[in-house]
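Here come two complexes built around chain A, the first alongside chain B, the second alongside chain C.
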Partner chain A sequence: MPPKPPPGHFNILYFASAGQYTSKSVEVLPAPLPLRDLFAELERRYNGIRASADEEAAEGEGVVIQEGDEVAIIPPVSSG
Partner chain B sequence: MMASPDQNHPDSLSEDNCWVALTSSPLEIQSVVDRVRSPQAGAIVLFAGTTRDSFEGKTVVDLRYEAYAPLALRSMLDIACKVKERHGLKGVAMVHRLGVVPVGEESILIAVSSPHRQAAWRAGEEALEECKARVEVWKREEFADGEGVWRANRDGQAGERVG
Partner chain C sequence: MVVPGMGKYGQLRLINSSVLIIGAGGLGCPAAQYIAGAGIGTIGIMDGDVVEPSNLHRQVAHATSRIGMPKVDSLITHLRFLNPLPTYMAYPFHLTPQNGADIMSRYDLILDCTDNPATRYLISDFCVLLQKPLVSAASVQKSGQLIVLNCPPSPQGVFDRPCAPCYRCCFRKPPPPSADLSCGEAGIMGPVVGMMGVAQAGEAIKILASGLHLPPERRSSDGGSETDTERNLTQPTLLIYSYDLASAVGPYTFRALKMGGRRRNCFACGEGSTLTLEGIRAGEPDYAQFCGALMPPPTAALTPEERITAAAYDEARRKGELPPHVLLDIREREHFSFGGIDGAVNVPFGKLLMNAAKIKRDGGEAEEVLPPEARGNGRDTPIFVSWG
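And now, the complex of A and B:
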């Protein structure tokens, strides 16, 4: 598990192709951040990540990511 | 009964004769079969998924799996409990290996026990297909030419390249 984020931040986890795109498995971003703005923020940092992670509409209209939260980018899965 | 961790397996959850786990160690077929053994069962079906040495003609040297462990365990437990309920099973056990899995070794084991074999066959297949469709685990194939590719299991099709 990643360490607790510093005050005013949340953890974002990048798995599989998303981690390959960002060259990291976890980082901290400033909170609060409305969920609907998350991909714009990620695109600003990692141009093209949206297509890489095969983003589907994140659910949760009106959800705001808060300080200390954990958010994960989950590309299409491939267990088995 | 609440889902609870297992002393010997920190990366596991169990509830109501359903047991799921993630591990970086080689998988043990006998121990997974023993988890579902029951005097009320007339059948145990075991599925062992093993890592293949090629993808569309390219040589795969090894495979690596990663997981969002807390979520993957919850998804696995949900699948196990629902399959058990749907088919009247006596027990379900599922374990997925993480990290590097050398070619030819087991990456996933699923065991189900049931009073009669028909339900066990069907339940075993369903559990695997649901696992492949939605458990938060990812597979990377490392090819002999040095390239590596994260796979996606979409819609039950052969994995396709992502990223």
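And now, the complex of A and C:
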């Protein structure tokens, strides 16, 4: 498991191409963060990442990511 | 195989069942070996490719002596040595919107072992319409995914009970073509894709041995009400295997994430879906377009005058026709490690993007996008970029 995030933060995990795009598998972001603002925050850090994301997949009107939460970005993989 | 939960009746169900493995590559080879070993009665293999030397590090059922042979024939040759008893069906061509329904309808369960998003969506749509469970795995570079979909199967648009999702419920849109490289292009660690293929066979055996591919009324009477497995499968687990020794996600490299059930607004299995077998056969939806044209076509950032071929660059440089300049090689470090043009500075493209985002966020000069050794003598130094 990734280390527990520091107080006031949550873990965000990047899988597959998201990990390549960010050159990270995990990092911490400041919490709380409304879910609907997540992609704007990611775009600010990783120019262009938003264009590849399915923002609708992050459903949940009014959901707020809280301190200590874990959020995963899981792009589909299609090779084999 | 005699283990708790798997006895005579489970084995009999396996003998009487049939599996179609679509793709005889890095996933299909290991999956097929265990499917054959388990004694499943009928095994179909579909693939239109031939065996190539670069496949062999991961496509372990093929062999150097069978290079150039259709993969389907090579794999079945291997499987017959393992177990001559199953009926093997060869489909030495790729799945298409036209041939899919007829072939897939003859099988109890489908394994998606393919290597491209268009085929993945096509397989899933057929599985929804034909009500077939789908065990889907995928793998690239150092990570893999596995999920059981559409199991137990239920008709399109049914929401009066919890229903299992299809591939579109989980992944509504494909990755942009630029982000989605095949194993051949992006590279793949053999054991990673092998692990996913083996796990696929494991899930298939579990489903078939417990009769979950059958509608409840046709399942044998040894179970009564809904099983735990069935309940779990309506909100299946996405298994993610990350093979990254340097990763902070380690040492636990397997993660299991619970996915949602069937989505009401799913294009394929949701309410009011217009997806039909006739439609697919007639070219609706257009899978290639769905997976290839979601992004605007890449704009030509450079004019033809601003481009130079490697050969022309080499010649101009040898003749001393070029002004003092910086040569950037923007491939990933691992590619550069195999060789590059003399004097090139390696700044991987991903690193450039990150630097650009950092400058945009924190402020800074545009040239800081490059490390100091790649800046030359300032803004006026021409930069040549090599990416191939």
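Heads up, the rule we're going with is that the second predicted complex is superposed on the first by the 70 of 80 C-alpha atoms of A that agree within 3 Å, B and C clash if a C-alpha of one lies under 4 Å from a C-alpha of the other, contacts with A are read in each partner's own complex, and residues count from 1 in each chain.
Note that contacts are C-beta pairs under 8 Å (C-beta built on N, C-alpha and C of every residue); 3 or more make two chains touch, one makes a residue touch a chain.
Worth saying up front: this structure is predicted, and the values here are computed from it rather than measured.
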For the overlaid complexes, name the partner, chain B or chain C, with more touching residues on chain A. C
With the two structures laid over each other on chain A, which partner does A:79 touch: chain B (first), chain C (second), both, or neither? both
Classify the contacts of A:48 with the two partner chains as first (chain B alone), second (chain C alone), both, or neither. second
Applying the touch criterion given at the start, work out whether A:71 contacts chain B, chain C, both or neither, answering first, second, both or neither. neither
Tell me which partner A:23 touches in the superposition: chain B (first), chain C (second), both or neither. second
With both complexes superposed on chain A, which partner does A:15 reach: first (chain B), second (chain C), both or neither? both
Once chain A of both complexes is superposed, is A:35 in touch with chain B (first), chain C (second), both, or neither? neither
Contacts of chain A common to chain B and chain C in the A-superposed view 13, 15-17, 20-21, 52, 54, 72, 74-80
Taking the complex as given, what residues does chain A use to touch chain B? 13, 15-18, 20-21, 52-54, 72, 74-80
Sites on chain C touched by chain A in the complex: 23, 25-28, 113-117, 120, 137-141, 143-145, 170-176, 179-183, 186, 188, 193, 196-197, 238, 240, 242, 244, 247-249, 252, 255, 257, 295, 350-351, 353-354, 356-357, 360-361
Quick one: in the complex, what on chain B touches chain A? 49, 65-66, 68, 71-72, 96, 107-108, 128, 131-140, 150-154, 159, 162-163
Touch list for chain A against partner chain C, complex: 1-3, 13, 15-17, 19-23, 25-26, 44-48, 51-52, 54, 56-57, 72, 74-80
